[in-house]
């Protein structure tokens, strides 16, 4: 069984600010990590591999430093990595992101299952998975919190706000996974030592055979006109002062005044 | 010498850092209150740290001294107790790795990898730095050894599965009459006393051990008879490097706690970090931590390259433990009166740093080693 | 085809088991606002799929749809991404709407990207506002980084301009009884998706009352140091007759289930009283609770954004205050 896992590099915090002068995101001092849901995806793939055997390929798209998340995926136990990196791919919206990723899946070929995180914590679109599936013409199951494979089908439980849905989907298929599906393993020291000796490909847009008008800014129907910090509301706050007991009494008084107790 | 980490070592550092942030740091206060954390020990095992120092052929991580030093330093940023625990385990398992027979390695190394805890015992109630004064005795019998005596202040005692115990086999020969033995926790005649109520690193286990006519098989002897002390001293070089890095880690943790406080706390209408007297403390702390790191990693790099590092390891630990105590006190002072409160983590760090200038070679012993070498003709 | 040839505002009317989603009505209401801003010429059309889709028409008219396109087929009775996407793609190519809105529900977010991909157009995710700018361009506001950053997104050339819209950001109109409209009944050919089989559905059972329905909430944030401290907050919540809730970090680290999370990516709440403990107040969190009637906060950081919305508060560490508060309330209640 061949499993492809798509992973994205995201900032380690959502506490980001804009530079008041340039209006751009301030990225100084912000560490980058593997998108947490994608780490769940890697773990899910590795668990399936442990059960069914096969191979797990981790794929990421981004600038050269995005390789860091692939190194992590390899150190967790993935067998190979592919970094898709090309300036021509920059500035892409979700359509122009899903397209080269789908092309990469086609180029790798004979995949049985593709796993993505439910969404990335930076842009939070949750679109990349379904778009890849649409380009590849394969079924998708989103928001999966339990996953197993039998006889050419994946059995997926979807975690929805009010219910669970168990779905049987024919392979090849794409699933997006929730954090509830597993706890990602830590890369062990020995796997770290082995990670960088595994096959690690770097592909550009031409390697993937991308149509130039389908990638980057030209291939992106939507565009970001402006980024800004949300306006603040300014409420007058009554502050309680004193030691813990005094503040507790003041809070209890306020709760009585507000008829909470 | 320029310390340059490999790609793999940077990944190891990032992973140890992540593990520390997620798993270790949140448990440190609990351990301070309640002692050893078995659940955390299980996670440490699953993540492959227990055997990080052990070659791949025995199932380990195949790490060198730089690698384990990285892990120790990162762990120390979350918990001095866990760094103490790891150090004790690695030290003891290293002794078997470096001095054991192949049979012993085959038997014990996979166990160390899979979570069996190892401890190393030299110190006794009446003898610590003065190793020749140890009273524990192993007498050779027809089919093995008969061990009697006691140990004190043994890191991981009470939780360990195996102890490497130093005992006199030839008392008239002083330290050259000391041999090392592998003692399983369930050996008949081994009595584990109650946990010591320590000032710091309370999450690492420390008990008294008593040996009452323990019968050990011949294979319990580790290495050559009479070489126990020498073996220990060589392995202690690694322990000292690790201790220096641990002190750098604890110090950095202390500085970061103080930094957060200095950014939040205001006095006289401005954040206290705006006061230069306080701000300058951070300059000194930063520079000293850097120096601690460099000394530790230089010695580690030398050791990994197969060189002797007794002097550098001793100097690294001497500097790091003494500076570490000062840094923790400086950081505590940033908190003013709050620094005395158990509500603030800095209070725990001040207690945790203290032990490092005592164990694995006290500051005085290290000064003897370093000055002796420096002054020798 | 020029973009000017695409006309009208479409709303995907999400229905499951014969029930239309609330967000469908919210989007119909917002469509009327957009229509006005766009010059009043765009028709508002609800598109509904199902095995008996036309049955929804009158309800959709009453919530503001001027036209209903009902696509019916036995194989559309149960949602499945591929057949639904095929039908919507074909309808969109046939009728050429300018704007196509979807609820940002699990279903909407599963379906819309596939339609968008087949139409090779743009899709803005989880918008929290929709507007038309001074140049007459349709602009969507989306949150990034948990709402700390907002973006204005436009789809300039491609049509339709597709958007999934966050639930509960717009209010539906009061339904107009007897409202009428035009029904277009479509009978597309739909093959059953034998690649995607729904085996079973199991209702989720939750502990405690849903936080969206609570009048009192005690909510813990990133600064909560341990699960034992969280238990303390749970005790306080119970004393106040409310439920424990939290901001995202405590859910991310597994201390509380997702349904207890306040915020844009969790639940939008509107309690009578909320006590925020060690919550700094990320934008996405504030969006999930700022309409509470009375907001009280405890945080040791004087500059935290939570103070922007708090009516009462104390700048101090919670770990001594909460036990004192529990003791004080118990004393006043005679417990």
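We call the chains A, B and C, going by the order they appear; numbering starts again at 1 in every chain.
Please note the rule applied: contacts are C-beta pairs under 8 Å (C-beta built on N, C-alpha and C of every residue); 3 or more make two chains touch, one makes a residue touch a chain.
Note that this is a predicted model, so its numbers are computed, not measured.
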Handout entry: Identity of the most central chain, Cα criterion
Key = A
Problem - Comparison of A-B and B-C (more C-beta pairs in contact) - result: A-B
Exercise for the section: Average the CA atoms of each chain to get its centre, and name the chain whose centre is farthest from that of subunit C. Expected result: B
Problem - Length of the line joining the C-alpha centres of subunit A and subunit C, rounded to whole Å - result: 20
Handout entry: Separation of subunit B from subunit C, taking each centre as the mean of its C-alpha atoms, in whole Å
Key = 53
Practice task
For subunit A and subunit B, let me know how many angstrom lie between their CA-based centres, rounded off.
Solution key: 39
Exercise for the section: Give the residues of subunit A that touch two or more other chains, as numbers and ranges in rising order. Expected result: none
Fill in the blank from the handout: Contacts with two or more other chains occur in subunit C at residues 320
Handout entry: Residues of subunit B that touch subunit C when the two form their complex
Key = 22, 26, 29-30, 264, 266, 343
Practice task
Over in the complex, which subunit B residues touch subunit A? Could you list them?
Solution key: 7-8, 11-12, 14-15, 18-19, 46-49, 52, 56, 60-63, 67, 71
Problem - subunit C to subunit A touching residues, read off their complex - result: 81-82, 85, 106, 109-114, 116-118, 120-126, 139, 143-158, 193-204, 216, 239-240, 252, 254, 258-259, 265, 272-273, 282-284, 286, 290, 294-297, 305, 307-316, 320-321, 323-325, 327-329, 332-333
Exercise for the section: Quick one: which bits of subunit C touch subunit B in the complex? Just the residue numbers, please. Expected result: 225-226, 253, 300-302, 317, 319-320
Practice task
Sort out for me which residues of subunit A touch subunit C in the complex.
Solution key: 11, 14-18, 25, 36, 93-95, 98, 121-127, 129-131, 133-135, 139-143, 155, 158, 160-170, 173, 179-180, 183, 220-230, 232-241, 244-245, 247-252, 254-256, 258, 260-261
